[in-house]
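To keep things simple, chains are lettered A, B, C, D and E as they appear, and every chain counts its residues starting from 1.
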Amino acid sequence: MNRLLRFAHRWIVFAVAVVVWELLTRAAAHPYFSPPSTIAEAAVRLWSSDSLTEDIVPGIGRLLLGWAVAAVIGVVLGVLLGRSNTARLALGPVFNFLRSIPPPLLVPFFAATVGITRMQLPVIIFGAVWPVLLNTVDGARGVDSTKVDTARVFKLSRAQWLLGVVLPSALPKVFAGLRLSLSMSLILMVISELVGSLNGIGYQLALAKDNYDAPGMWAWIVLLGVLGYLFNSLLLLLERRALAWQPRHSLEARALATGG
Amino acid sequence: SLSGCGLLGGDDAGSTGTQNTGGAVEKSKIRVGVLPVVDVAPFYYALEQGYFAKEGLEVEPVVVASGKASIDGATGGDIDIAFASYPAPLLAQSTKTVDFKIVADALTAKQGHIVVVALPDSPLKKATDAPGKKIAITQRNTMTDLAPMSILKTEGVDYSQVQFVPMSFPDMIPAMQNHTVDGAVVVEPWVTTAMKKVGAVPVFDGASGPTAEMPMSGYVAVSKFTNANPKTIAAFQRALTKAQSEATDRSKIEPMFVKYAKVDQETAKLVTVATYSTSLEANRIQRVANLMQEFDVIKGKLDVSAMILSPATNK
Amino acid sequence: MKMLEVRGLGHTYRGKDGTHTAIDGLEFTVDPGELVCVVGPSGCGKSTLLRTISGLIKPTRGSVSLHGNPVDGVPSDLSVVFQDYSRSLFPWLSVTKNVEFPLRKLTRRNRTTRAAEALAAVGLDGAGRKYPWQLSGGMQQRVAIARALAYRPSLLLMDEPFASVDAQTRFELEDLLLRVRREQDTTVLLVTHDIDESVYLGDRVLVLSKSPATVVADLDVPLGQHRDQITTRSSDAFVDLRARVAGLLTSAPARVR
Amino acid sequence: MKMLEVRGLGHTYRGKDGTHTAIDGLEFTVDPGELVCVVGPSGCGKSTLLRTISGLIKPTRGSVSLHGNPVDGVPSDLSVVFQDYSRSLFPWLSVTKNVEFPLRKLTRRNRTTRAAEALAAVGLDGAGRKYPWQLSGGMQQRVAIARALAYRPSLLLMDEPFASVDAQTRFELEDLLLRVRREQDTTVLLVTHDIDESVYLGDRVLVLSKSPATVVADLDVPLGQHRDQITTRSSDAFVDLRARVAGLLTSAPARVR
Amino acid sequence: MSLIGLACFFAVWEVASRTDLVPGYYLRPPSAVLPRVVTLLGETGFQRALVATVLATLIALGIAIAVAVPAGLVLGSVPPVRHAVMTLVEFLRPIPSVALIPLAVVTIGTGPDTKIVLAVFGALWPILFNTMYALDEIDPLHTETARAFGTGGFGVLRRVALPSAAPFVFTGVRLSFAIALAVVVSTELFSGGTVGIGQFVLEASAGGLNMDDVLAGTVIAGLVGLGANFGLEWLHRRLFAWSLPRGGER
């Protein structure tokens, strides 16, 4: 019963939004805005086994690989930049410069170096690394000064210092970055498939758009939502394990927070 | 709305002509969606010469990124008259997304305007090599893939085996060079650029055989607008036609290429200038619809004549 | 050879809105195995002194030497109980893991025993698997003490280490410290506000002036090695010394109104 | 009418790895204007008691009433000096702003005077524009005291408020508290580890047992309203009571080895 | 010091486009691009584009902050609301702004409103998430202190949660600026219709291998972000001095 309630609590707003969308679109009958029921039909048609293997699976593979690489790079560089003033001074401006270049304008760079048909993975990595990087820098810089002193006094090894003190202190912020990066990877997967690609969700999305197939376009957008939701849920599970030590995850804190 | 802010929109950019003849047209201020391509050179010529102003029109060119964006703008009512490559409005019409009228023809391909090119060392040397090769195009379901497919089909080549890779024209050239594609379908001025810059050679012409003299692009408006503003449309048509007919004079049109399509001076001298049509004929544009139908882009039959709003019928 | 030599030590904190000289011209030495208590008014610079000795901050003037070598960076074989004990514990580690954390050079087995022993010594046998934030203030302070002791340093710096524990526990911890010092020959520098405690524990008591701190007095405590909470504290020498330290401290003008 | 009534109060912390009963079946009352000191072994549940009284945690058993009304949520007119004073100050506010924080119902002018007075009273006149982390431990603790006093609550809860200040300052702060209580008729519940302090300050001393805490003794302190650091502390009644409290506390089995 | 890194970056680029590694006519060397950057910045037409893009980005960022910070405070501190709304949020988040361009164009038009709306949609999330996570990291004792002094729920949000979350929210703002800029430029590039750096690049790449202009536009976008970041970091140091690392350098 409790479970059922919780489930209802989580999905009620979503369900209401879908119903409202259905009613609004039915009333407006705008050619670009399809009602959910029509989208669902298109979805069943489009996410067939064929496009599953040709468009969805390869894209997801690139997405997850790109995200993972971005996460590793982001955390490693973030810790480096967060704890070393020299590194921050030297590399900070380059990163802030690169970070600000809109991904579509980077196509010439990738096209000239890795080739336009092979640039999907680099584009994802390049775009998804920033939230992790910036948030990790923030977390790594924010290690409580008494804890820094404690670590110095006890002559912790480099590994202990980085893995045992800096990383755990930064971890909540790192997770905020990881979740942002994850959705960013999905978005970049789509963007990277708009040019130079022969398949993928982005390719199909662009095709549906160019063909004035509104339900089809919505179906691909919904697929992105579904994927984003799924990956995010998995990441949250991981986060809950990794941050189990936090007082906020204790039963006591949860009761407090909910006003109990 | 936010677009009221001049700094943001820069909406004073390029508006010309204030000689309003007064009351002659329903709507004197119109926004025309255009692309930075050679097809619209006469439009800009008309604008610069004040042909629109003489007709009592204050025309604001809105430079959009693609025919699709132009069509979207017209559908939303933000753009009054939209320039586009034909496939986009025909496709929109066929899906009953919106009811379009074609108000003017822009450009008709002639030999050398749309060409499949490749580098000399590419395995793509002639049309029959195409199956299994990667060929760069701008987008699926545009002239860049429909025209070559049609030609390949006529020559009995299995066009379904060609891998069409979408990308922008500038990216096609290094893509051919680093062998990520075997060839590219380019349209002027890119034909000239590709040959000049990297020594690309033509594989076959995209405007030959079944696609010879193919209409490439035109100006469209939604029927709601054309019904409400017949005089405006007529005035636009008159001004544009005047410019289109003068476009045979290279010296008049070349500066437009440089100024608005950002073609560099030397290339502009070399480009093949296609035909700027001065009339609007349903049966010619119907060829595009038929081509699209043939390759299953348009499902069912589309009667283009119902879409035509020729100056004659519009009088 | 002196264990610790402090010569003309001064430190000035610099901030955007001016500077603050916390200590100035401090001079003293500590012999190996000695236990020196530091007392002084609140805010006079005791914690600053400990920070400079441990190499955490670079003094602006003067020098600190350990075994005759000038301190540059954090010396090895040192442990500190910070005044801000609750912040010095790692919240993501259980109590046991917190105590084990600095013992990386030991084998896993030794580490576990060492930590368990230290926790038992401070009366926290049962709390090893809890997280620091599940403990009371006094218990957290004892975890910090256990961690410092488990490290078995040759120089132990303690900043008001018994401030948050009850009187009974305090006595026991004091005796624990004396015992550890005896058994391991640790040199200890301990900051305290409890005058009785400074006399009870110290071989010497260092009385600091108010900010910027200088050494007002350096008193020997002739109470011998073996001390006992009841007999020592009631001895005449103890009462005498206590009064002297208190007198030295109160001679500083009162600041609370 | 009693100011504070605690009836059968119990609290059990729940964690993933089991539960911990911190206090159990506490029973006592406090009259308006009374100053009650609470002593008890480290970790017995004193802070938990203060948290339940201030409505920050909901007790699992029993009830707390203020003026006869059961506490549900944080009562108004209450201020608290937390044991973990350094963490209870807001690092983004200057010292003055920290003290002004609770005074938002006052006019700007009154707020400034009130804060300046309170800071001066604890001897921190000069530190108002500094940030908490620029202060020494004892200074931070005094900021927390100043903040609680500036609020002029009718019920003041203090958790080891003088643990980090030197003996001299401590005496002065104790007298400050007595004076404030007298002038403003504040009811005070003060947790301390210093037995002398509990007797010197309290109208009553509440002795708690070790965890889970229950009331072991509730002693009246017949020292009258006016007390003095020297005469009161040397009076027989004082020495007697001190010994009694100490005896009650040590009777709990020792936990430190 | 801080410019050494950037100089190295341009040096690598220069060398790469001078050698045969990459096609030099396409990936033009900085020695050709940077002078173009300078001349462009002097042209009024381009200045107008630059101002339009930057202004649209700033407006979008402002709206995103105004929406995401309060939303983040509510979602971060009221679990029932968070549970109810997050499902929808997680669904919306991975939708690329680029995919919404046609929808925005038909409903909002080709004007600057479109790029602003899309940029807001893209820029919301970092601010929202960083606000929510910062709330989780607030020292519980800070909240308890405020509550003990009779501060109500809203007061705690405004006077404790907001200031202590602010530095991390600010990091979110720095992320969001780049995203807003990217969406604005991409919208200009993929939709056109308004002046801006994106449209400048669109036009430059339309007619020939005008790569000097394309790359100059790219470099300028990067410089805009770099400048904004300097400004934001300066603000961060001024506003949140209390949160900067102290003491132990390691």
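Simple rule for what comes next: a residue touches a chain if its C-beta (ideal position, glycine included) is under 8 Å from a C-beta of that chain, and two chains touch if they have at least 3 such contacts.
Values in this document were obtained by computation on a predicted structure and should not be read as measured data.
The set of chains touching chain C and also touching chain E is given as A, D. Using CA-based centroids throughout, the chain positioned farthest away from chain C is B. Chain pairs B-E and A-E differ in how many C-beta pairs they share in contact, with the greater number at A-E.
With centres taken as mean Cα positions, chain E sits 16 Å from chain A. Rounded to a whole number, the gap between the C-alpha centres of chain B and chain D is 82 angstrom.
Chain C and chain D have Cα centroids lying 26 Å from one another.
With centres defined as mean CA coordinates, chain C is found 48 Å away from chain A. Within chain E, the positions touching two or more other chains are listed as 22-23, 26-27, 102, 106-107, 189-190, 211, 214, 243, 246-248. Residue positions 56, 84, 87 of chain C are each in touch with at least two other chains. Residue positions 32, 108, 111-112, 145, 149, 152, 194, 209, 246-247, 256 of chain A are each in touch with at least two other chains. In the complex of the two chains, the chain D residues touching chain C come out as 13, 15, 17, 20, 39-47, 83-84, 86-87, 120-123, 129-130, 134-139, 142, 159-160, 163-170, 172-173, 176, 193-195, 246, 249-250, 252, 254-257. Contacts from chain A toward chain E in the complex involve residues 6, 9-14, 17, 30, 32-33, 83, 85, 89-94, 96-106, 108-109, 111-113, 130-131, 134-135, 138, 141-143, 145, 148-149, 151-152, 161, 172-173, 175-176, 179-180, 182-183, 186-187, 190-191, 194, 205, 209, 217, 220-221, 224-229, 232-233, 246-248, 253-254, 256-258. Contacts from chain A toward chain C in the complex involve residues 144, 146-147, 149-150, 152-157, 160, 164-165, 168-169, 171, 245-247.
Against chain B, in their complex, chain E makes its touches with residues 22-23, 25-27, 45, 48-49, 51-52, 55-56, 59, 101-102, 105-113, 116, 188-195, 199, 202-211, 213-214.
Chain contact summary for the complex, chain E toward chain D: residues 139, 141-142, 144-151, 155, 159-160, 163-164, 166, 240, 242-243, 246.
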